Amino acid sequence: MPTTAPTAHALSDVTASDSSLRRFLHGLPGVDAVGLEARAAALGTRSIKTTAKAYAIDLAISMVDLTTLEGADTPGKVRALGAKAVHPDPTDRTTPATAAVCVYPDMVAVAKEAVAGSGVKVASVATAFPAGRAPLEVKLADVRAAVAAGADEIDMVIDRGAFLAGRYLKVYEEITAVKEACGTSARLKVIFETGELSTYDNIRRASWLGMLAGADFIKTSTGKVAVNATPANTLLMLEAVRDFRAATGVQVGVKPAGGIRTSKDAVKFLVLVNETAGEDWLDNHWFRFGASSLLNDLLMQRQKLATGRYSGPDYVTVD
Amino acid sequence: MTIEKRSSAFEYAPAPESRAIVDIAPSYGLFIDGEFIEAADGKVFKTLSPSTEEVLSEVAQAGEADVERAVKAARKAFETWSALPGSERAKYLFRIARIVQERSRELAVLETLDNGKPIRETRDADLPLVAAHFFYYAGWADKLEHAGFGPHPRPLGVAGQVIPWNFPLLMLAWKIAPALATGNTVVLKPAETTPLSALFFADICRQAGLPKGVVNILPGYGDAGAALVAHPGVDKVAFTGSTAVGKEIARTVAGTRKKLTLELGGKGANIVFDDAPLDQAVEGIVNGIFFNQGQVCCAGSRLLVQESVHDELLDALKRRLGTLRLGDPLDKNTDIGAINSAEQLARITALAERGEAEGAERWSPACDLPESGYWFAPTLFTNVTQAHTIAREEIFGPVLSVLTFRTPDEAVAKANNTPYGLSAGIWTEKGSRILAVANKLRAGVVWSNTFNKFDPTSPFGGYKESGFGREGGRHGLEAYLDV
Amino acid sequence: MSEQHNRLSVFKTYKLYVGGKFPRSESGRVYEVSDTKGNWLANAPLSSRKDARDAVVAARKAFGGWSGATAYNRGQVLYRVAEMLEGRREQFVREVADAEGLSKGKAAAVVDATIDRWVWYAGWTDKIAQVVGGANPVAGPYFNLSSPEPTGVVAVLAPQESSFLGLVSVVAPVIATGNTAVVVASERAPLPALSLGEVLATSDVPGGVVNVLSGRTAEIAAPLAAHQDVNAIDLAGADESLAKELEVAAADNLKRVLRPQPVDDWFATPGIDRMTAFLETKTVWHPTGALGASGSSY
């Protein structure tokens, strides 16, 4: 698997200044919104049945970053979440574990303990999530604290204000600083909050900016705004990681987050991955779902496939 | 628990649409004056499923005597049909539109079986457009005096309509909906390889209670079409098909009172500038030439790509072609279905071989073709120039010829350098370039930053040897009115 | 006073009008043109198929500029033709009276109506697109606009009887919409048409937009109907059997054909049919933003 080597790639000169970044990002091919959405919708009509569906559901479960990001989070809640991540379906031990649990930095230690020994990763949002409106030093302290508590993955937010104001170098430098704070132990997911970037052209530019700055993953959203992951914005980001690898040899992961609630939706996203970035990304090292309620729907579908009966919410756990 | 990676990670299992929804009878008659009847000379022909070569049904084959009967029936029906208030005619058409919607899954499966095109297309494109077309023209039936063709536009009489096999039911809708809305009656001949959906449509007319003789369906071959077009009782001829036959029809109706509209061949240029939205352009190119296996008169069969972006675009295009799924047209995941007939396959094959012989570079993605049925892999030709046969002749198959240009002027000159003039595509993010180029293209439909879009409100038809007259929209009424 | 004698008048040599110039027929042939009583009026060029070919070349050459001109500009140019005609009114009254055997008064009425017809069509140039084009409300996120465009080079067989009003009634609609024309004048009465060429030459109409040929209609029309670089043909001046023959020939490149239609009264206000007969409809699609459910609809 290609490894991340952000400073060595062929595009390092474009990050020299605000203006060189701007020239590069604005030189990327434009995105036609209607065409993009039509393609995403067309892929959404793929019909995934029987063995393919069983495979897709297990794959999707294994890609879930099981998330709780609430002011009311407690150690108890996080422990329950951890248990669920490790054994999503207590009645069926063949069910794969989720990829990670995703929590706020102060819950990392609890989460770490809850999933210890399972292989399930602990991801932490950081950098003054979700708004990101804090001084850089505060953001970096946030990251360092999470990493110190044992976070395997850091989900940062970009400075959307700077991005929309055209201060690409500021966004770039913040990401590189966070990447440095992650050290070698934590993988970095960069959240663009696509719903706030407003245009597909911006999402493509942000994707490249994030990847140039060393993102291990690019992620759609925080789940805290009106519009989160959509098939179209995820398709666009999948195109970006595909093209970035073709240009630099560096593979970057993609994480749609927020708004994906049903198995049917999740399978559609996997189809997008399969037909856009390709099978190299069909692995939880390279693709994740940021979600909470999705998991139970996946489990019910899994039970349905196993038994032939439709399941119900009483047969999956509410944690 | 880890997920075991498959060799090909995510192979979609077959997802066939159920065939049980459609009940094809072992034999069908001609539909004349509200009855299914045998051909006068008792002739029949078989219609096959092009994806399996299975015989689907045996269909009565219309001859000259049947044309005579059908025109007579239509002529008789014209008296009362044209005298109906427009609002009543409208309601018949609304009924038809609704029944088409109700039966759309059945008709989609039927069309896929008889034509070979993917169910994804019949389900998502053909059938919705068929229903929409009847809905659209239904609404016109009682508003004709407001259509801009004078205060009292009158119908012409009996319309003789001959349609092709590439969109059997949609072309029927394009022909019959405006004809009936304007008060004409119809004798329609579907193509010999795809007669079934028209015969099912006859049943829909029966369900809708359409008066006898208003719509008559004559399955048959070219001789029946020629007899229909030449019949002195026909007042209006509408034809969609090849340019060669279109010219023959134009000669036949010369010197008569018959009004003529022709929708013929094309060699559409899809022009990609270096500032195009590339991912969407790739989709547009794929849709432009592989929709319905390229058996589309307005297909974007010539890709004109700016040299500066040629390699990048071709890489992306080839990668995308690698994801196309060819096979069972009833599988909901199939992108590329069967070629409609052995004859058409032979023509495509011959032209592709000609392309190779003339020195163009041929490429297809790895692609297993089923053993029975008529199949042709998606094919690209690069290093093509305007002088190559494959850049000039309509192939009517999944074969794309790639040419390059350096400047917008050169792109326009090459795009227009054809006797055809049906469609063209433009891909660029620069608005003024779209408008300037669209203005200079001699083509009836120009898709900018999109391709192969159709709508009942949007007039469709060609310049030059792509034919004349427009179908769809307010413009489409003119062909059926005495203006 | 000195002895008076009748001044010998200066005859006019009638010539073709092709590409903005006034050539003789390349064949060197002429034919006699008489009035309705059989009195010789003048010799007119007897055009050959090569003259027809040259006229098509001229018309094709002029098409880009004329069809590309603004509709307002075409309207101004056509109006200028009316102004020039008004100035030559007496000449045309005389020619029409001779050509059609009309009294001076009736010929004057014909000429007035003809000039008024130019004015009528001059006003149409920038309105026809609004009348026959427009936005189509397609069921999807697309802007969709249909606009009329000129079909190209149109061969016009002018009516045989109405040598001036009929002529202008078939030529003006063709060029008002941006086509260019190769006009075959009335065979028996070509002089008003040839004089019209002189008016056009002095009216800002670019050379080649209208080309006027005189001679045997059947002889000139045959190569025009078969010509692969002619886009349309108006058969107004063809009789039934010639019209059929020409329509068959026109099928070779699928020319738009306007069949001869009985015209009882050239004075009647024409509809727009003679314009729409030689217009193509071009429909251009473009995506609008998406419908907006996604949050990124731009």
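A, B and C label the chains in the order they appear, each numbered from 1.
Convention: a contact is a pair of C-beta atoms (placed from the backbone, for glycine too) under 8 Å apart; a residue touches a chain by one contact, two chains touch by 3 or more.
It should be emphasised that the depicted structure is a prediction, and the values quoted were computed from it without experimental measurement.
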Using the touch definition from the top, list the chains contacting both chain B and chain C. A
Reported most central chain by Cα centroids is B
Two candidates, A-B and A-C; the one with more touching C-beta pairs is A-B
For the pair chain B and chain C, the C-alpha centroid-to-centroid distance in angstrom is 37
Approximately how many whole Å separate the CA-defined centres of chain A and chain B? 43
If you average the Cα atoms of chain A and of chain C to get two centres, how far apart are those centres in Å? 68
Each of the following residues of chain B touches two or more other chains, namely 449-450
Would you give the residues of chain A that are in contact with at least 2 other chains, written as numbers and ranges? 32, 34-35
Quick check: what residues of chain C touch more than one other chain, meaning two or more? 142, 287
Chain C residues touching chain A in their complex are 141-142, 287-290, 294-298
Could you pull out which chain A residues touch chain B in their complex? 29-32, 34-36, 38-39, 45-53, 55-56, 58-59, 62, 93-97, 239, 270-271, 274-275, 279, 282-284
Taking the touch rule as given, give the residues of chain B at its contact with chain A in the complex, in rising order. 1-3, 5-6, 8-15, 120, 124, 275-280, 283-284, 323, 332-333, 429, 449-450
Given the complex with chain B, which residues does chain C contribute to the contact? 131-132, 134, 136-140, 142, 144, 146, 151, 231, 240, 243-244, 247-248, 250-254, 256-257, 271, 273, 276, 280-287
If we count contacts the way the header does, which residues on chain A are in touch with chain C in the complex? 32-35, 37, 194-195, 197-201, 203, 226-227, 230, 232-233
